[in-house]
Amino acid sequence: MLNVYLSGEIHTDWRDQVIDGAQGLDITFNGPVTDHAASDDCGAAILGPEDSKYWHDHKGAMVNAIRTRKGIEEADVVVVRFGDKYKQWNAAFDAGYAAALGKSIIVLSPPEHQHALKEVHAAALGVAEQPRQVVDILRYVLTGELPQ
Amino acid sequence: MLNVYLSGEIHTDWRDQVIDGAQGLDITFNGPVTDHAASDDCGAAILGPEDSKYWHDHKGAMVNAIRTRKGIEEADVVVVRFGDKYKQWNAAFDAGYAAALGKSIIVLSPPEHQHALKEVHAAALGVAEQPRQVVDILRYVLTGELPQ
Amino acid sequence: MLNVYLSGEIHTDWRDQVIDGAQGLDITFNGPVTDHAASDDCGAAILGPEDSKYWHDHKGAMVNAIRTRKGIEEADVVVVRFGDKYKQWNAAFDAGYAAALGKSIIVLSPPEHQHALKEVHAAALGVAEQPRQVVDILRYVLTGELPQ
Amino acid sequence: MLNVYLSGEIHTDWRDQVIDGAQGLDITFNGPVTDHAASDDCGAAILGPEDSKYWHDHKGAMVNAIRTRKGIEEADVVVVRFGDKYKQWNAAFDAGYAAALGKSIIVLSPPEHQHALKEVHAAALGVAEQPRQVVDILRYVLTGELPQ
Amino acid sequence: MLNVYLSGEIHTDWRDQVIDGAQGLDITFNGPVTDHAASDDCGAAILGPEDSKYWHDHKGAMVNAIRTRKGIEEADVVVVRFGDKYKQWNAAFDAGYAAALGKSIIVLSPPEHQHALKEVHAAALGVAEQPRQVVDILRYVLTGELPQ
Amino acid sequence: MLNVYLSGEIHTDWRDQVIDGAQGLDITFNGPVTDHAASDDCGAAILGPEDSKYWHDHKGAMVNAIRTRKGIEEADVVVVRFGDKYKQWNAAFDAGYAAALGKSIIVLSPPEHQHALKEVHAAALGVAEQPRQVVDILRYVLTGELPQ
Amino acid sequence: MLNVYLSGEIHTDWRDQVIDGAQGLDITFNGPVTDHAASDDCGAAILGPEDSKYWHDHKGAMVNAIRTRKGIEEADVVVVRFGDKYKQWNAAFDAGYAAALGKSIIVLSPPEHQHALKEVHAAALGVAEQPRQVVDILRYVLTGELPQ
Amino acid sequence: MLNVYLSGEIHTDWRDQVIDGAQGLDITFNGPVTDHAASDDCGAAILGPEDSKYWHDHKGAMVNAIRTRKGIEEADVVVVRFGDKYKQWNAAFDAGYAAALGKSIIVLSPPEHQHALKEVHAAALGVAEQPRQVVDILRYVLTGELPQ
């Protein structure tokens, strides 16, 4: 059985592609809350509003950390997706967190980010460009079967 | 004595400002190689050239990792600087790495990056905008003295 | 699945409120023995009486530690409740113990204790005033759903 | 050589008594910032003021944590002093933090707090009432000499 | 659920008494191989005979260590029984091993061994004289119920 | 229950002999992908071809590491088989990796390799020459029964 | 440089023999307090008398643990001496403690204790009968020189 | 300052080349005993002869492990040299041991061993063919200077 954490980009359907592709494999997938508005507002919505944008964001990031830390710490494999938009520092942060814990890391990133991601790639055991390749790695790791 | 690792941006003189400001304090500073060209090319220059840009970068990132991992692992405090340019995923990666090791983190970042850095800030014990504030924290931690 | 340890105050029904509110969520709750008399006397009752009040208490505290350490060490989330009465040093001790183990901590405390708890709050990922808010955090962490 | 962290009460001269009594012994002492006002205000004074008392305190507690965590993590022995005033939850928090790290703990507390501190005492290797007894333990541990 | 390792004396029925007394409690018990002859000879019987008594014993002790290390490392509670006969250094060794791993230790020993076991007792959370007391502790830890 | 990782030689049927012999025992077996061609080519087949033999091999070794590290880290017992052919440095590497993690190691090797394997043997709790002996150790560890 | 902890028997001069024999080698030696009376009474002498022999011994064992735990945890090599007299369970306890921490252990014991010590021996990297042999191992480990 | 352990081949002067080349750099070098005969015989020479070649070798390997484990555990960088002769399983074992401890590994190996070493290379941050390249990496890591 593999426990796989899917970190990073939340604006495309890459998680669905990985999870769908992996059907039939003995894998448990976890990841962050992917509802962008809920993720931003969870702290204030639950624990009370803040006047300051900084503390609004801070409270939300702290609550989300309960989920993401557990997800990464329990994972065998952490897949970190870098997309086309936004700063995505949280994705790189997750990669560093996973690396320090000795997790197996797969980075899923487009070729144009190659140079900027070289330190993150250097901590990975696989660098893929397509969700399908992530599935192929997971299948191979579990079953020894290569894609046809 | 404090061991402080200065991670992130290598194109401004913020490290000099912190180190100069901290003169007289019992602090050992470490950080990455800040010669951009040497940092990019060290792998190929020492271990032999690569046809592929990916592996050229990879070899360099691996060699640099010898220095950065030791620097972070031995640090009491990791200061992570986010500047105005570039993707800076290596800075966020270092922050995640430091967080997983339980290091005390100070983030040095401009206000406009606040929202994008909220997960990184949530892992920090201090978020500063000016190098002088980093020095003030280090002085206070060592001596208990606040700035006048 | 979340493993949640409910530490602190044993004289009000806050644990019941949290557990009831979390019905339907995939959570295992643990906590200390909440029968005050049994908790005080367990050491002497099982291992033999002591003339000295100190050793009577000591034997009980040691036996209770078997349960509390396991509970905290296996928890994903440690909720620490500070109430209105007693010194509650055991609650703060549990919070420190959980913090050193890197556990996600939620503090449940009344506003009037804010200043005295600032070091404990600084180690928490969420500070709530009502048991309902604890439930809301746990639900969000597991399902991504915010309270209506 | 012993590295000893002196945690807890900052309103009496117990630290001075311990340090003076230990003169001539090969001990390095550390502890929190004991200037109460500086300790409360350090976060806002360095990183900028907050409208909310909660965040004012929070920023200060985070900055102080840089010092206290390092102090406890590097200590061989953590002495935790409970006095007559205040809630002192930070002292109990430090004791829990030290216990989880496997540190040798000495508690220095008055007899009237015995029952309320029983869980903290149960994690200690010595429970003293007088600073002189703390010195006597440290001397014995280093030299094998008992008080005359 | 508790995982309990029963270490020490193999010539009396104390393990049976504990296991029988704990019927109905959610406990998994483990322990060493208690067939004395098999335990002494397992190395040579499986891996081949030795001319030297030392290596005969050594091979057996190594094979037994596969079982005992796993048993202790997976245990929540390690009960260490000292009886009337033999040197029982393996029991004290197990206690030290468990202590360094931070396990909850219960020592089961007769009063006449008190002084000689004081260092072992100091590492324990409970010191019992009767198997029944061990059962009572385990029941209390799991259910909060004291013996009638 | 035992979790056993079968490392090393992939050209003979020793794994089948161990697994068959252990039928009826409560053991989960894991090991590397034993399809030699798939194991060599997995990196390039999934993540894209390389011009350089070095990077072709490197990509494959990285992907295989996802499986082997998990296998070793989760194992109670790591059996390392050295056969007659090839350099088998990966087997010795796995043994070193397992030793540093404190795993129980059984080496399965022919007598002619004794001197060259003395450092590896010194890290093992059992050194066998026949797969049957490995089964006998596993049975004894689980059940206490010696071979007839 | 080697840090060596000398555990066990305190009634013969074996420590002096080892330390004298190792003169000129870059070794720091540590060990327990070897003044038997001081070691037994330190708890009560410093922290106050006890009516019960058990708690008298307990307080002393706790205070001594401050020294012995630090000594073992900082050691590269733990030498454990078993002599002719007493139960010596503290020596075996130290050996188990050191083994769980992954320390290099040398046992110094007479041949007649071989069978009773087989589990302790199995955790050692060297089993010596004479203090001179301990010195010879330490010299070889530091300098590569064998005795003439 | 760097602490570098030089593991592997003991029949050529590669250690001297690395150490000479690194003169002037702030590096402490350690490594195994390189006197082949002493290394083979140290166990029997110090602790007494064995009839069996297996136990003769075993005793020596155990004594050598005191030095090599300390050397690897304290190293920042482990250089593992594979030469032309012998099985060199101890070198691969050291590499695996270092990898599991998260050490930075540099492999020094001839091109003809590339395929056989691919798993070891995959755990390294640098793969060199010449001792001079090892020196160049160490100088770069310490000073940021590349070779001319």
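Note that the chains are named A, B, C, D, E, F, G and H in the order they appear, and that numbering of residues resets to 1 at the start of each chain.
Keep this in mind: a residue touches a chain if its C-beta (ideal position, glycine included) is under 8 Å from a C-beta of that chain, and two chains touch if they have at least 3 such contacts.
Computed from a predicted structure; not experimentally measured.
Visitor: Quick one: point me to the chain whose Cα centre is farthest from that of chain A.
Guide: Checked the centroid distances; the maximum from chain A is G.
Visitor: Most remote chain relative to chain E, going by C-alpha centroids?
Guide: Greatest centre separation from chain E goes to chain B.
Visitor: Can you compute the centre-to-centre distance for chain D and chain G, using the mean CA position of each chain? Integer Å is fine.
Guide: Computed value for the inter-centroid distance: 31 Å.
Visitor: Rounded to a whole Å, what is the gap between the Cα centroids of chain B and chain F?
Guide: 40
Visitor: At which residue positions does chain C touch at least two other chains?
Guide: Each of 62, 65 in chain C touches at least two other chains.
Visitor: In the complex formed with chain C, which residues of chain D make contact?
Guide: Contacts found on chain D: 53-54, 57-58, 60-62, 64-65, 68, 82, 86-101, 113-123.
Visitor: Along chain D, where are the residues that touch chain G in the complex?
Guide: 2, 76-77, 104, 106, 124-128, 133, 136-137, 140-141, 144-147
Visitor: Can you name the residues of chain G that touch chain D in the complex?
Guide: The touching residues are 33-35, 38-39, 41-43, 45-47, 59, 62-63, 65-67, 69-70.
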